[in-house]
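Going in written order, the chains are labelled A, B, C, D, E and F, and every chain counts its residues from 1.
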């Protein structure tokens, strides 16, 4: 399934709980969640570890809006809204970790 | 000064940042912030440490609403809304860690 | 209305009660869902476990106490309530603190259940 | 209107931009505050430091880019901008990443400054 | 594919409704059908006809209404959440309708996917 | 003492406005003056006359209006935030007035304390 996280990893616990709960599948970071995919963020260790079990995506327009598109962690796949739609249709269910 | 925290310590970083920033004064826990003052919560260590530098209060009506009034950490002072008002008037300024 | 289809709906509750309205309005969805004869389960994770903490007394904050509604869920045949074990432990709570019968599962177990759902709704 | 009084106002910004409107609406307050000839300072803590990260390009999310407004603050004689050192470090950012000149302070130093204020506003 | 959307937050304050809109538009561009958008919690505030954002800003309410009209999307506002927050027929924007929570469950049953946007 | 209050969130969704109300009432009971309540961000949604909460629930808007009338509190709604969110004279509840952000700064200058309630 597709897990969607829209919260900054340093502000709230959504990413932590998502990663501890998810049984594989894919993770899409949107809105303030995209900060988790940026180099130097103290949450990158968790994200790198997660990459062993699930594919990680981040929404490019949200990265660009925040001036962070040029510091994306290796291994994170950037998508636009069309790619977001594809991720939703390719997975049988999705869970937004609000 | 009076520091007011209204967020659960396990959901957001407000309490952490408040405690790392505050230079003495008093801490008042309200709304979901009152969970930080309850025994067995994994944040109590931080709160106990903070008690060395600042007086800690929690809003009793918010504890009661959450069914947590009977498990308040030793050393936390319970106040009602009148006590909240007194804390505001007794301190020259207050900061709500939203 | 339901076209005879039965889907598996899971409602994931991760927010503390009273500080925000999500707990109450999530419960309102679940009660309506019951009328649709779908397969309904509720997961309480993180601060969401506080929603089930026994003994709400909301007089002092002057809001309605919606906790009795959780006890009504069983009358609507909603009885798959899962509570996250790690969340209870981090909050000093046990199964006995819950206001209704629940099944305690680890995060990983909840994650596995989530994979079997058709719809996951999060509040 | 201001009765000749000068008070020290500190605006504390702890929230990321775009995910919520607080950064933008906080900026609107600060600009108005400038007209009142008060002593104004801004503190950026936690995710609030992201508000000043250079290079916003908001075309893709179709919202207005309000970052240029930070550069206008100096025209309003608002130039006490404090950024939390620990917040920068935890986010892989440095002073050079900020879109305006700022003073980098530790949390404890910001806490000391806070103690000298008459009004602290938090968004 | 038939996609339904749930929006839990109001306009401007949270990015949720913007993300949902851009997602819905992209889904339509890809040939999918967005069958229903359900507005719940503060999401009901997306349906007031009285918003007047700054002229250089997007108009969240109107662009939902326009997208819905152009692509036959059912914009449903939860009646219970709306009454609590002051959304009624008298301030409801054209293109939206007020109905019960059953419409959310029904959307979940009938659509192939349900995507939630919120805080 | 003269106390001013800032409210950043709307009714029912967040506890902020409830906490602020109970705080204001307690301040008045203790003999303090609540000079002004300023509604900003989603806080402007506390001023719509159209809310209809369930009968067994508190009426957030009306009880602010009543407290203000009984104790001469100036309830000010930020015009910029209100326009964005669809609060105008036509749906404004009695007892509230719409004005500029300057009223918040002024409240801070003139009051002895300013207390913020939000998310």
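Here is the rule we use: contacts are C-beta pairs under 8 Å (C-beta built on N, C-alpha and C of every residue); 3 or more make two chains touch, one makes a residue touch a chain.
Nothing here was measured: the structure is a model prediction, and the numbers come from that model.
Annotation of chain B and chain D: jointly contacted by A, F, touch as defined at the top. Should one ask which of B-C and D-E has more C-beta pairs in contact, the pair is B-C. If you average the Cα atoms of chain A and of chain E, the two centres end up 24 Å apart.
Averaging C-alpha coordinates per chain places the centre of chain A 33 Å away from that of chain B.
Counting partner chains per residue, chain F shows two or more touched chains at residues 8, 12-13, 15, 19, 22, 41, 54, 57, 116, 118-119. Across the assembly, chain D contributes residues 18-21, 46, 61, 63, 118-119, 122-123 that each touch 2 or more other chains.
In chain B, the residues that reach two or more other chains under the touch definition are 6, 10-11, 13, 31-32, 61, 80, 93-94, 96, 98. Counting only pairs that meet the touch rule, the chains in contact are A-B, A-C, A-D, A-E, B-C, B-D, B-F, C-E, C-F, D-E, D-F, E-F. By the touch rule above, chain E contacts chain F in their complex via residues 10-13, 41-42, 45, 48-54, 57, 61, 83-88, 90-91. Residue ranges of chain B in contact with chain D, taken from their complex: 1, 13-14, 17, 20-23, 25, 92-98. Of all residues in chain E, only 12-15, 18-19, 22, 54, 56-58, 119 touch chain D in the complex they form.
Across the complex, chain C meets chain B through its residues 15-20, 46-47, 50, 53-61, 63, 90-93. Chain A contributes residues 4, 6, 30-32, 61, 80-82, 84-86, 88-89, 93-94, 96, 98 to its touches with chain E in the complex.
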